[in-house]
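Two complexes follow with subunit A in common, the first pairing it with subunit B and the second with subunit C.
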Partner chain A sequence: MTDRFANDGYLGRRSVIELGARARAFALLDEGSASELCGPFDRIESPWLSAQGLVPQSDDGMVVVKGRLAGHACLVVAVEGGFHGGGVGEVGGAKASTALSLAAADSAEGRTTPAVLFLESGGVRLQEGTLGLNAIAEICDALLVLRPRAPVIGVVAGPIGAFGGMGIVAGLCTRLIVTREARIGLNGPEAIEVEAGVQEFDSCDRALVWAVDGGTQRYRTGLADALVSDSIDDVRHSVITAIAAGVPTRHRSEQLDTLHARLDGLVEIDPADLGPRWGTQFGDLPPLDLASVPWPPADGT
Partner chain B sequence: MQELTLHYPGGQRVTARAHVGVVGSGDCEVLVEPHDATDAVVRVRTAVDGFELIWQRVLGSFFARYPVAGRYEINDQGATPGVVSLRLRQAVAGAT
Partner chain C sequence: MSDRGSAWIQALAAGDVQRVEGSLLVADCRLGDDIARLLCVVEDSTSPYLRARRGEVGVRESLVVAGAVRAAAADGMPVVSVVDVPSQAYGRLEETLGLHLVVAAAVDAYAGARLAGLPVVALIVGSAISGGFLAHGLMAGHVVAFDGPGVEVQVMKRRTAARITRRSVADLERLGYQLAPHSYDVARWATLGHCDRLVAVSDPAAPTATEVAHVREALVTGVGQARRAPRELSSRLDAAAAATARAASIRARARIRDQWF
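Now for the complex of A and B:
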């Protein structure tokens, strides 16, 4: 098939959103370098779903891939949003937290291994209750051990976004890459509507949802580091840049002073005012300069 | 959830493992890998109970057309017959 859009920058792009978790991980890493750990044929699936009459998935919706990115060792953990909305259960959670712990151990021994997390999740898988909550705690714990040793880069492409426990994980990342389709939050729009009523938050109002949780809003208020198009090439460039920027003196989540200063004096919030009021600079976290890494790379990697 | 195991005669054999699809609404996951036997053994786990006859028809028709021996697993979340056939075709293409 001739690709008549191949020369068009936007239509010729390779979409990230359209890819599943495994394809995202393999597309990000250097060609031929990626190998999956605990893959589908290891059949490490959830023992709790079939007990409740639900069909499990052979990888429990969590894909762990080790490989190289721009020639350097890199771990990728990708959540499969198509399986239970990316809900995190005991098994998938253990895969993610163990992978992050191993990357932290490698980094401590001099084999620096940054991690990239493709987050696409509504949070804890409700069918696994406290085991899912515990899984989130373990992921956060492992991430916090790795983070001072090597950058942990979160990528939220969409369409699901990162909510609940994975919203917390997104908040702990060294850097966050988003598309305008992305959403990041703690309580998802529907959860807020169910708990507090439609007057509080109308989850059907897409403009409102994206004005509050959307990737563009997160970027313009300094809560995400790069706003990129839905393209593997752009995501790859921004992730490589984010890793090259290294570990900052203080991560975003370590700057409660900045958060307090931002919230000081705010009574009623209009999402449209927050961009101009807060700006894209978050405390002393250096802005991510995409121009610092030339793209496309001269050697073709 | 309903679990079925079905057998079909195979000619050619799969030579590699393949994994395609996702256990998401209207879709299914297919795993296929080589085994020593000369038939195709298919284990189906489906979210929708009571469609055994449809599964027999869909798989019977697929393996009549592509008699490829191997061990197959289908984890189904309400995929239509067309989607099941496409996923199987995709898996076999990747495993032969």
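Now for the complex of A and C:
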């Protein structure tokens, strides 16, 4: 039976959310160009999980793929949200930071290599303690070495989102692309509920969670650059556009004046009032214009 | 929480200690031939941010730290972060305001100063936990920690970590004895290769003149080493201690490098 919706807009889309980390990376890059580095067959697993009665995974939940995007060299680092909630451990962290450092070294030598990060993570993998915390520091550092040389594009598709250390990583990205299923924050709702009580944050209240952390809210308040549908085609278009927009003069995390102006004296706010107050423009960061890159591309890439 | 932070900043400072935006202590300190900028996040029981009154790093703290680090870097001064942070601020308001980005601004400022070649040294005098430590201390190029009571480096407070990972606090404490990344003992944490020097201090809340002199000497050495060391944090994986503690990371790094094209 032919599916009459097969090529019909949203229903015919290829979902990103439904793809695992590896499939996301390969779907993003040009067909036939992608190759995984330190993949599952290299069998480097976390040495800490089995000691705690937990099952490790041969890719440690971090997928590093190099290839071409719209014909240009590109690194993709995709976190596997299905493995320990995307928690960053020792091995996965080393894979990500090493790859970002190599992209930075190539970019410095004229072989510009932007990076795309599929962030799907609760943050540090708590089972690996301070090694996970340090892994985040090293990822942030390698990202910051690459960022002035080539764009680092964060994609938060959902369903997990980017929290904890990976929320910080999202904050450092040159550009951030989200779907409405995305969530971005520092402390996840459950962590706040445990620390501060249910009256501070009811982690079961999904409307509240998305009102605060949701992709739509982050886009509306200028903390993300593009709000796209859950479709590989739309994500690909927005990532290519974001890379084409290049390295801005000042990234969000460098604009202390903008942060000061936005936060000034704000000690009580309904999330719904924040969009109108802050707007989608973040200081002098040029808005991302998706119409600037024609889509679908004429040459079929 | 922050008594020891302010005790140490007072002990090391040359001249006045300023309190900026309620929760950041700023002072200058002579370290050998350098004048370094000391920064310490402390309690502010009157902070309008209710979830950041006990020394937690919230939006205001992250922003003021980022600004102070950038100002010191603009003056070409070494930065010393005096660290006693219980955590980042856990609050609905903080998340609404995008605390992840403001902490990123602090991380960016510290990394930027170090990558520009300035010595950035962390002095852990108490708690160094989670996002609070990432925002203030962990991005340093050289890390000095006190080996003494009440000093601990942790990924998250025990109770929270237990609940999130569905384990009991007793289980976590048992793990702390077995596995160095979970250890509540700073000397064992130091075996992971993220710590450049441990300084024995009998009571970190009450510095003695001998201890202050000893710590000052450790900071002078630290600034010197930070100045000569590779600028990028990836060098932590080359630390002698990392060869055993992070052997799997070293293998993963080698594999990625070999397969890079």
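Criterion: the second predicted complex is superposed on the first by the 298 of 301 C-alpha atoms of A that agree within 3 Å, B and C clash if a C-alpha of one lies under 4 Å from a C-alpha of the other, contacts with A are read in each partner's own complex, and residues count from 1 in each chain.
One rule holds for everything that comes next: a residue touches a chain if its C-beta (ideal position, glycine included) is under 8 Å from a C-beta of that chain, and two chains touch if they have at least 3 such contacts.
Since the structure is predicted, the reported quantities are computational estimates derived from the model, not experimental observations.
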Give one of first, second, both or neither to describe whether A:L126 is in contact with subunit B, with subunit C, with both, or with none.
-> second
In the superposed arrangement, which partner chain does A:P151 touch: subunit B (first), subunit C (second), both, or neither?
-> neither
Between subunit B (first) and subunit C (second), which, if any, makes contact with A:E268: first, second, both or neither?
-> second
So, does A:F41 touch the first partner subunit B, the second partner subunit C, both, or neither?
-> first
Residue contacts with subunit A in the superposition, subunit B compared against subunit C = C
With the two structures laid over each other on chain A, which partner does A:Q57 touch: subunit B (first), subunit C (second), both, or neither?
-> first
Kindly classify A:H260 by the partners it touches after superposition: subunit B alone (first), subunit C alone (second), both, or neither?
-> second
For subunit A, which residues lie in the overlap of the subunit B contacts and the subunit C contacts?
-> none
Subunit B - residues contacting subunit A, complex = 1, 17, 19, 22-24, 27, 29, 31, 33, 45-47, 73, 75-77
Which part of subunit A faces subunit C closely enough to touch in the complex?
-> 35, 37-38, 42, 44-48, 51-52, 60, 64, 66, 90-91, 93-95, 97-99, 101-102, 124, 126-134, 136-138, 140-142, 144-145, 162-165, 167-172, 184-187, 190-192, 194-196, 200-201, 212-213, 218, 221, 223, 251-256, 259-260, 262-263, 266-269, 271, 274
Which of the residues in subunit A come into contact with subunit B in the complex?
-> 20, 39-41, 50, 53-58, 80, 82-83
What does subunit C use to touch subunit A in their complex?
-> 48-49, 51, 59-60, 63, 66-67, 70, 87-88, 90-105, 107-108, 111-112, 115, 130-131, 133-134, 138-139, 153-157, 159-161, 163-165, 175, 178-179, 181-183, 189, 192, 194, 232-234, 236-237, 245-253, 255-257, 259-261
